[in-house]
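Please see the structure below; I have some questions.
As written, the chain order gives the labels A, B, C, D, E and F, with residue 1 at the start of each chain.
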Amino acid sequence: MKLWSKPLTSLLKTSAVFALLALVYPVSAQEAAPAAEAVAAATEAVAEAAAEAPAFADYAAFQESPGYTLFTVNNTWMMVSAALVFFMNLGFACVETGLTRSKNTANILFKNTIIPCIGILTYALAGFNLMYPGADFAGGWFGFAGFGLGFADDVSGLTSVYNAGYTYWTDFLFQAMFAATAATIVSGAVAERVKLSSFLVFTVLFVTIAYPITGMWKWGNGWLNNLETPFYDFAGSTLVHSVGGWGALAGIIILGPRIGKFKDGKVLPLLGHSLPLATIGVFVLWLGWFGFNGGSVLSANPALVSLVLVTTSLAAAAGGVGATLTSWVMLKKPDVSMALNGILAGLVAITAGADQMSAGDSVIIGLIGGILVVFAVFFFDKLKLDDPVGATSVHLVNGIWGTLAVGLFGNLKGGAQIVSQLKGIVAIGVFTFIFALVSFLVIKAIMGLRVSAEEEIEGLDIGEHGNEAYPDFTQAHHN
Amino acid sequence: MKLWSKPLTSLLKTSAVFALLALVYPVSAQEAAPAAEAVAAATEAVAEAAAEAPAFADYAAFQESPGYTLFTVNNTWMMVSAALVFFMNLGFACVETGLTRSKNTANILFKNTIIPCIGILTYALAGFNLMYPGADFAGGWFGFAGFGLGFADDVSGLTSVYNAGYTYWTDFLFQAMFAATAATIVSGAVAERVKLSSFLVFTVLFVTIAYPITGMWKWGNGWLNNLETPFYDFAGSTLVHSVGGWGALAGIIILGPRIGKFKDGKVLPLLGHSLPLATIGVFVLWLGWFGFNGGSVLSANPALVSLVLVTTSLAAAAGGVGATLTSWVMLKKPDVSMALNGILAGLVAITAGADQMSAGDSVIIGLIGGILVVFAVFFFDKLKLDDPVGATSVHLVNGIWGTLAVGLFGNLKGGAQIVSQLKGIVAIGVFTFIFALVSFLVIKAIMGLRVSAEEEIEGLDIGEHGNEAYPDFTQAHHN
Amino acid sequence: MKLWSKPLTSLLKTSAVFALLALVYPVSAQEAAPAAEAVAAATEAVAEAAAEAPAFADYAAFQESPGYTLFTVNNTWMMVSAALVFFMNLGFACVETGLTRSKNTANILFKNTIIPCIGILTYALAGFNLMYPGADFAGGWFGFAGFGLGFADDVSGLTSVYNAGYTYWTDFLFQAMFAATAATIVSGAVAERVKLSSFLVFTVLFVTIAYPITGMWKWGNGWLNNLETPFYDFAGSTLVHSVGGWGALAGIIILGPRIGKFKDGKVLPLLGHSLPLATIGVFVLWLGWFGFNGGSVLSANPALVSLVLVTTSLAAAAGGVGATLTSWVMLKKPDVSMALNGILAGLVAITAGADQMSAGDSVIIGLIGGILVVFAVFFFDKLKLDDPVGATSVHLVNGIWGTLAVGLFGNLKGGAQIVSQLKGIVAIGVFTFIFALVSFLVIKAIMGLRVSAEEEIEGLDIGEHGNEAYPDFTQAHHN
Amino acid sequence: MKLIIAIIKPFKLEEVKEALSSIGIEGMTVTEVKGFGRQKGHTEIYRGSEYTVDFLPKVKVEIVVTDELVAKTVDAIVKAAKTGKIGDGKVFVLALEEAVRIRTDERGDAAV
Amino acid sequence: MKLIIAIIKPFKLEEVKEALSSIGIEGMTVTEVKGFGRQKGHTEIYRGSEYTVDFLPKVKVEIVVTDELVAKTVDAIVKAAKTGKIGDGKVFVLALEEAVRIRTDERGDAAV
Amino acid sequence: MKLIIAIIKPFKLEEVKEALSSIGIEGMTVTEVKGFGRQKGHTEIYRGSEYTVDFLPKVKVEIVVTDELVAKTVDAIVKAAKTGKIGDGKVFVLALEEAVRIRTDERGDAAV
């Protein structure tokens, strides 16, 4: 692969990237000061409300109180956000299905359908109480508040210890939807060869145990949240996306590449079967991110939420443009799947600091994310790590990049913050990667992890489900 | 079909179902008491607001009043909910298209596109005023408030007699979106053989007359709402889903099966042509249910709406898991379309009591719904009733199950409630089934109900529309 | 083409249209008076809030104020609306992909993915400040507030001069999402033959310069907003849709038809490759219109927003029915793509006056829109103007019709209004059409506008991207 | 050995397959094709423009048989595929010089 | 009778069909195929990896004609399908032993 | 000249193509087909009902070669396509009377 075969054109095109960077400078130069203020104010307001809540005799009394309406607004926004995050499951299903072959379509759809089902149930059973074990475990590494859902019987229990801006149920719903996404990320990377039952066992372990434990370190007010300069991860570049990405990396290392992907030291692409599906998926994910990041403000605070939505959208747009330009320069033509990955990269990258960045910061973070994702795809291919949908490039690489960017740009930038970010990245990465690696190895030893070569060639749809995804359309499966 | 050919494995797998049930016990054990309180409080609050509304001289005066903001929040949530329920039309379109053959795709898309159009228009013309005829008809069997939309000219008319938490227009919009779904349910069951013009006539009758009349019995404050122990159907397991299901049952009885479905006493499956479409449909429907059930609280009441969203999501997840396990045990492999139907089954089943259940109750209701839907598909096949998309299994069987479940679980459980639930199920079932049966028979006599065998074999796309859904992809139609 | 070959049947069917019109009369007869009142009240309320805002020392003080909650509600609704308008990009992508051939699918998806990315970035860079240059440019033809995003540092700067009901960031987000749609409209019309790089250059010019300038004339408080009887365009029948439509018209004139479309004076249809995609697109667009029109109220005002959602939905439904009946009468069978176009036509048509119409008005406006779109498709075909997706018929023709309808129906009807509407239509049409024409000509001269005939025959997917949209499905491209 | 090519209506494939099975033929290869013949296509309309669909979906069945089975095979196909309506299709017979079973390298009649 | 097999460029199908109609041939069967020949495929890139598309879309037209029509048919196809550029395709002619019209059981030339 | 028809397993296409290239054959036409033979299809279940997928995806490769290349070609195909498992497919050889290269109007061996 001669990637710089036409140096002059490349140079011209590369300079276009820099021209764009230059153009965004005016955007970037703006101060994000009001945002910072807003953050402080919001935090206070939430704290106050929390203090107030238990004062009411019953729910009716609370409804009569002046704070009830604002509480209702906040809760409404959080519910809308939860709905949008839920919808991301469809986004993942479409992206992963679109970027894989039609003979494995039913299998991938099934996984992406049953994972949120399992995720929501196990999160209700244990995950939620592992991730948010309560005040007793503040600063710790592990805590558990018992099985099942439930809360104190009086009105004060309407909200949990972790929020005062919306109800306990809303809290659970929003967090449960987040949990499901982490496992879904893995499913794309291991697609087209992993045994269904084995993967489902992994999913249960991953979403019930691994995700909540590292989540607790930060969002559950564990040790990472109590560093001198606390680790910062606004909506989960690390806690959700990198976690999924580490799981994906462990999976593709142990599984090995799909048959036919690498031959005589060359990469033979196994083409995804439907770009429309992949595109639908990316738009649905972008929409979902309005809730993923917008809801992570944990209130409807106008200044903060709207800033977050703007930084999120700008980073997504810049990611799309960055990946397009990079693939245009490097590959001579703009690759559609790279543009799509670029948007996701921008979204993942901004997620850690979406509330701390100016418009210009977010453009730069997204643009770099979009460039990174293209090189990351090359890089993993070089390493003969086969990730059909680019999950590691999107979620792991950009999850790390976005988390680091919090120390490099925006309100929190600074050396101490960089150190804290690195601590969080490494700690969560090491834990999750080892957890996933061991889980996969144990599952492999006990029940096997990969389908037979015959089944892989014929397709997992027939092998695992006895289904065909498109029985009306004749098709021979060449690979 | 030897369904228990491998008794040991089956046993093992069945016990997995029970293990899951056992695991959810802790979830289930939680009391839903706060919810019950919340219900009472909410009802009161709405009543109060209703009493207050007419006090204002004009809209501007109302806007100055302290209650205006809460009114605005409630109204906003209801509008968002209406949008989500509207989106369910796409969900139905995708599920029904995905589970049928590509030669009938244009026809099904057309029906699912034009039904909401017709439904909204006829509901504006008459349906709304049939379903909500006003206080004069309280406790009755039938009422009509005249053609067209409109309300008293002063501010008190901003909201209708049936609500005080949002505007008259929001009320109409939300209810109109509900109405369209009932007819859409029928369209899936009769697909691939029903004559287009005949079906459109049925749709107009069904959505303009049948649905509003039975709807009025409960939601329009008719006789079912005034039983000593009032019939309870929170968001329409019976009023919407069973009603659609009864219409579907009448349709498939009169139409008979598709050519090729049953041969020499055996079932020959006619495979749906696109699992991705079916999956997109199910996710869109699940999202829509956030509005369908969440909006049925008729306000943004934080405690109630968030509880409803949690019970809804848990039931959907449990339904998906229940159907997957059942089809895995019974059919040896997990069937994707069954998992999808299971999610819908769980959603339909929780709909009647979504605001009255604890988390654990909703898991059990959904799980049973998911198991039921698989057996219901077998059952209707046994009866040689051909329902390509499983509409009767999903909407009729689980509509009944969910309505009954209100008497068996949650805040309202008890003998008297069971009796009321049965009254409602039977009364609405008998009326709707007979209405649909007679309508179909009359239409059949006058204009014919089924396309010619030739057209059925060639596909309704060419026959009814002169369109091809996928002209780019060569395909011979084998069945 | 003998369109009236069966006069009798046609007559019968045509009378069905009129019967429907007669039926809607009761709906139509209702007065929309409360809406008018509501408008006035809302405008006042916003003005007041604007006056109040600067009174606070900082954001925390504002949060303590009684107005904060209503501000939060309004802002939340606006953010939800922005999300829905964003989602329209997926709608356009699906409609345009579905109505074109599979050999150009990757190209169309790419354009519809990168356009919003580019649009959001350039709107941040310059477009927003061109469209809303501030009070200094009131009544003018052109203004610019400088590059980049940003606002005064104190709390008063939370909202811009153009709104007081939501934050500056929300404002930007909502407007940026609108901007992207205008360029997307063009992309459908020029599909299957336009050179990618050339089209991207056009997009940048169009969305950064042309759209904001004419937008400023009305929404930026320019000269059209300061006519004695101000030009009225509630949500952009002209400012967004016609603008896109004029760009589309210029494009298809200069590009010429696709190879094979016109032969020996006959129209040879080049069939779109996926009706499911087109249908998904239309439903997503309809959903998006809840935000497009609903958000254009610029607050969550319950009376106004809910009225707008009802008029929008009724017009969409009537458009679908109108186009279906028209195509049924004219073409003997109901064409699915016409029904879909009809819904969009109704939506575009109601957009200019969605807040000024009664339910009945909106049904009539939508119905006429649906009829118009069918004839417009015939008309452009007659002129040998090749528009694969009907963008000119939907957005240009119905943008004009809807803008005119504001002078013919509803609260503002009257001679003076008609004159103002015509002024706006013509002024914006002339400017945009010439801008687009010149842009296309200059681009054509410098870098070429159309792919080679060979590439067009083989498909732009291979030519422009080296991608295949559906590599799994064998297909020879006949045209 | 002969190569028999049958062009039939798609929905007749199942019956033809069964008819062939019942006379002991257990190998065939099926292709989806489009046919043009006396059975005229339909005139359809897309977005207001008429067009003719000339090519109708057909299925091509290719069967290699030993010489003695040819007549029986042709008859079985004709019987099973006939509806009596225009467009029923054709059967063509060609001489085959050699047949090889890839798995075993068997040649000639043994390979069929 | 002969079986004529023509492999042509897909976008030439319409012209070939018309050329055949104009010399009175009213039956043919069309299959979508992929061709490999002197016309080399393109090198494309998917997610950063180069690959070659060797197989290009072609259309195969099969026509059975009576012996006297063979030359005319071949010429008509060659003329209509020619662009002069590489990849125009091939025409092959095989001897046919028998033809049967399924609808009527007609055999031989009458069945064509 | 002969027309060689090979029915092979789809995933063997690449190897067969390379085998043919290596003996100097640079033209072939490929069709996706469904095969029915000794290799029985699988019994599957859709929504609770069992059904048998009789027709398995295969690829048909058609190659026209000059007479002297026939044996070599058949051998190359058989070698490359063999897995030894049931369902490997068949190779058929037919006599060809004429071949024409559309682009140049060349006839006979020159056209192959």
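The rule is short, and it goes like this: a contact is a pair of C-beta atoms (placed from the backbone, for glycine too) under 8 Å apart; a residue touches a chain by one contact, two chains touch by 3 or more.
Every value quoted in this text rests on a predicted model; they were computed, and no experiment measured them.
Under the contact definition stated at the top, the chains bordering both chain B and chain D are C, F.
Contact with both chain A and chain D is made by B, C, E, F.
As for how the two copies chain B and chain C face one another, under half of their interface residue numbers coincide.
The distance from the centre of chain B to the centre of chain F, with each centre set as the mean of the Cα atoms, comes to 52 Å. Taking the mean of the C-alpha atoms as each chain's centre, chain D and chain E sit 18 Å apart.
Chain geometry summary: the mean Cα position of chain A and that of chain F are 47 Å apart.
Among all residues of chain D, those that touch two or more other chains are 31-34, 45-46, 58, 94-95.
Each of the following residues of chain B touches two or more other chains: 69, 73, 76, 80, 271, 274, 280, 331-333, 335, 337, 466-467, 473-475, 477. Chain pairs that touch one another, listed by label: A-B, A-C, A-E, A-F, B-C, B-D, B-F, C-D, C-E, D-E, D-F, E-F.
Interface residues of chain C facing chain D in the complex, by the touch rule stated above, are 1, 267-269, 271, 327, 330-333, 335, 337-338, 374, 377-378, 381, 390.
Considering their complex, residues 58-60, 63, 68-69, 71-73, 75-76, 79-80, 82-83, 86-87, 89-90, 93-94, 97, 105-106, 109-110, 112-114, 116-121, 124-125, 146-150, 153, 155, 157-158, 166-170, 172-173, 176, 196, 274, 277, 280, 464-474 of chain B touch chain C.
Partner chain C is touched in their complex by these residues of chain A: 23-24, 26-31, 33-34, 37-38, 40-41, 44-45, 69-70, 73-74, 76-77, 80, 84, 101-103, 271-276, 279-280, 282-284, 286-287, 290, 294, 300-303, 305-307, 309-310, 313-314, 316-318, 320-321, 324, 331-337, 339-340, 343, 359-360, 363, 473-475, 477.
Of all the residues in chain E, the ones that touch chain C in their complex are 10-11, 13-14, 32-34, 42, 44-46, 53, 57-59.
Note for the complex: chain F touches chain B at residues 45-51.
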